[in-house]
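Sending over a structure as structure tokens; questions will come in a sec.
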Amino acid sequence: MQKNRKVFQGNFFEDFHLGQVIRHGTHRTVTDGDASVYLSLTGARHALHSSATLSALLGYPSKPFDDLLIFNIAFGKTVPDISLNAVANLGYADIRFVSPVFSGDTLHCESVILGLRENTNKKTGVVYVRSTCYNQHDCTVLSWIRWVMVHKKKETSHSTENYVPLFDSFVGTDQLIPTANIPSRDILDEWCENTCSTTVWDNFSVGDTIVHPSGMTIEEADHMQATRLYQNNARPHFDEELMKDTKFGKRLVYGGHVISICRALSYDGLENVISILAINSGTHVNPTTAGDTLYARTEVLDKWKIPSRSDVGALRLRLLGYKNSPTSSNNMSNQKIINRDVKSELVLDLDYTVLMPKKQN
Amino acid sequence: MQKNRKVFQGNFFEDFHLGQVIRHGTHRTVTDGDASVYLSLTGARHALHSSATLSALLGYPSKPFDDLLIFNIAFGKTVPDISLNAVANLGYADIRFVSPVFSGDTLHCESVILGLRENTNKKTGVVYVRSTCYNQHDCTVLSWIRWVMVHKKKETSHSTENYVPLFDSFVGTDQLIPTANIPSRDILDEWCENTCSTTVWDNFSVGDTIVHPSGMTIEEADHMQATRLYQNNARPHFDEELMKDTKFGKRLVYGGHVISICRALSYDGLENVISILAINSGTHVNPTTAGDTLYARTEVLDKWKIPSRSDVGALRLRLLGYKNSPTSSNNMSNQKIINRDVKSELVLDLDYTVLMPKKQN
Amino acid sequence: MQKNRKVFQGNFFEDFHLGQVIRHGTHRTVTDGDASVYLSLTGARHALHSSATLSALLGYPSKPFDDLLIFNIAFGKTVPDISLNAVANLGYADIRFVSPVFSGDTLHCESVILGLRENTNKKTGVVYVRSTCYNQHDCTVLSWIRWVMVHKKKETSHSTENYVPLFDSFVGTDQLIPTANIPSRDILDEWCENTCSTTVWDNFSVGDTIVHPSGMTIEEADHMQATRLYQNNARPHFDEELMKDTKFGKRLVYGGHVISICRALSYDGLENVISILAINSGTHVNPTTAGDTLYARTEVLDKWKIPSRSDVGALRLRLLGYKNSPTSSNNMSNQKIINRDVKSELVLDLDYTVLMPKKQN
């Protein structure tokens, strides 16, 4: 009478339908412990998430979590239903950070299928999905769009639904929700003492480039621990037996960890970034695997005032992550690295918008 | 006048006596931070330990710790006195999870020697011990029996005490203490939304087999961090110099970490397990070392109603852990892996009892 | 109009001046999560930091952090300004642990330049600096002196300031601030039950040597996670590309992690150490890199009563850390290892003072 029970192994392309709503499992209470583990895995130094004294001055009831820690946890919730059978994560768009998250909050996520497009090879299709993360009060914490190439169950099946949604290329200033306040010049001074930098919104110009000097080598234990912290169970990150015969030859680093590492590296030169308001778009250009050393460079794409706010402004930034190619002055001039063809070394191209203090006037 | 002070290096076979009570050191206050580190090292997704909102619905004052995190911490306390000079951990029996543990609780442990048997080689003996873990209110948290092969100090010494205790092959339903309550159908629904599975106690049959699809490759940093988190100081897990000339050739993964990993892998297909009630018996069939990839399979051994409870039931499960031998459909059919000789790949054979929601009727 | 923004890459020798005060950035709120990560990276077992029940008995409002965790976090704050362009950390002196730190405290640091000495090679100079760490109430938590060899910007520049300060060889008993109290014999007994050792201050003699039996192999992920936890951004610990062409050939383990590991290893034989009162001096004799296995030995240098205290006393200890050379009885007699030339294997030589319970009489 032995019976093999069927285990849910994620949805295939045929399982998705336009307008379908999926409620994701594994609700998660986040704690200070998660912030500590995140810190030890990324080395993040952004001031708002490091000092409770400072976050209180900016009007928060307690120290808010790093936006990318919350993004990665929320993303992890969607993996079992959306991307367990993914060939590749093709891109992100319209990621909006709406409410801060504090220790003790419980997060849950929901997704809606926005678009479906079968590939001509009949083996795969692209799924466009908007996911939203809520806290225990059902307030939206963040929402994001991604599109993923997913395996079909059968070549012979075909989808009657074919719809490719269009997205804005960036989140407009009217959609940005800055939750930090810098109520006085004294508090701006205190902020700047924390960051040891007086380079604020006013000092940046469109076209500015920042070559971040540090590099970070990725270990298998590091990226797997990060990905498990996010309760993301996508197998290519964890199973060497599964991966050793693929074209990658080894486990892949979860893209969200690459974003977190590049963002931590970007601290030097962008010390006064308060928080992330939005991610406009993003691509993992090449895979990252253990042993790679990551470097980062930022370009200032745009510079916006925020409606009715004189204390803070927004910068639209392009964060480029490279592997095994130091951007610091150790091996080559900064100019060289910026100009030469580094396409094969590019692992991340992220267009995002940050909040930064502004000299009030 | 230089003097080498003697350092306590654990008990040898001759140091143990029948009925001897040993109070273990290093009392430990457990915190949310420990839960976060455990999560990052195992990827555990069981709902009760992930969401404080959900654990409140089931009647807990706050989010209880994962049973195996607590077991491993408690076990760690006993190592300096019981198994620092162990050749091998031979087996476990009668592990009972009695009270939930919450952030801020302080744990301490005590052991009593139940049995002693000298081996015919005169070099080692087997020690049978029951250990009990208490919280700061001296309430029992869990208790367990294990037997360990321990070195003798001298071949010429011999024990006059020889007693091998008998243990029940499993913990009976009258001894199980389910601390979770599912007071209504609404709360069952909320639970199932958290796990994305409606497969509850009623749906399982004795003889069912579940092949868990995921695999987890173990790194040295991962298992050492876990074992240090448990303050377990057994040297074979940490000292490469010590281990490189042994038959293993390298550090050994602590067996409790193997259990934690296999249990985390077993989430897929057993999403609605609430908590562990008991471990009936367990053996580490083969050693695990860094670089091994673990896979897991579960067999339903028995299915019990719990006296006077209609909301929850118990399942007796056999959790089998394999190394370097994918159980998923990637490389071979599930049936094949179940039937073929995998003895050399088997690392864990654990007989345990879990609590699961039951459709009330 | 593209412009490369200049990124602050730390001070060079010419940037320092005698009496200069530097306020360091990245204020940090420390939490229980940090303690858990520290535990998982070091395996620390000292009783005061492990049990909140016990720390309450000794008069603390809650469980104080491990002194070395706080030292390493405080040290990390000074790296961007003091030692980002360091050739080597030459030594420590006069480290005083003044106030305990509790979960939720926010730390910030300040340094003053005590001395400057240009090297004859014209390429580097030595900077002597006293750094102080404060909590959110501006109470001093700890202070320390270190001297660092730092690169000059140009060979042609030269400093007119040349001053080498003199330091006391140890922190005197009148400067030690024991924050623990053992108010009664009952509490001493409870303490000793926690440590499973009755060997207290009274039992040690000057000249005693303790060979700690355990060893710990260091992984890249372990030391990088520790160093990131401390928000220490010194590049040689993280960037394999940068380091592979240096004489070390690979990333270097941060010296503070070496101290933490050796101190954790020193638990066996020094179980009753309550806390660290001072570090008198310290040197990293040889570099440590991933793959090294560390062992530790302690010599009792001195034994002091503490003015007006009968419940506790101070021991001045020399902690020696070795790599790849077991000090346990596995491979060689303890005596052998103590006498033979182990200079090339010595990684740490630390002279420090600890607090230990004393039999009241």
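Observations, loosely collected:
Order as written gives the chain letters A, B and C; numbering starts at 1 within each chain.
To be clear about the criterion, contacts are C-beta pairs under 8 Å (C-beta built on N, C-alpha and C of every residue); 3 or more make two chains touch, one makes a residue touch a chain.
Note that this is a predicted model, so its numbers are computed, not measured.
For the self-contact between subunit B and subunit C, the two sides draw on mostly distinct residue numbers; the shared fraction is below half. Summary of the copy comparison: rotating subunit A onto subunit B for the best CA superposition needs 120 degrees, to the nearest 5. Put simply, the C-alpha centre of subunit B and that of subunit C have 35 angstrom between them. In subunit B, the residues touching two or more other chains are 31-34, 36-37, 41, 219-221, 225. Interface residues of subunit A, counted against subunit C in their complex, comprise 31-37, 39-43, 45, 47, 50-54, 63, 193-197, 199, 204-217, 219-222, 225, 268-269, 271, 291, 293, 324-326, 328, 330-331, 334-335, 338. The touching residues of subunit B, counted against subunit C in their complex, run 1-5, 7-9, 23-29, 31-34, 36-37, 41, 80-81, 104, 106, 136, 219-221, 224-229, 231, 233, 235, 238-242, 251.
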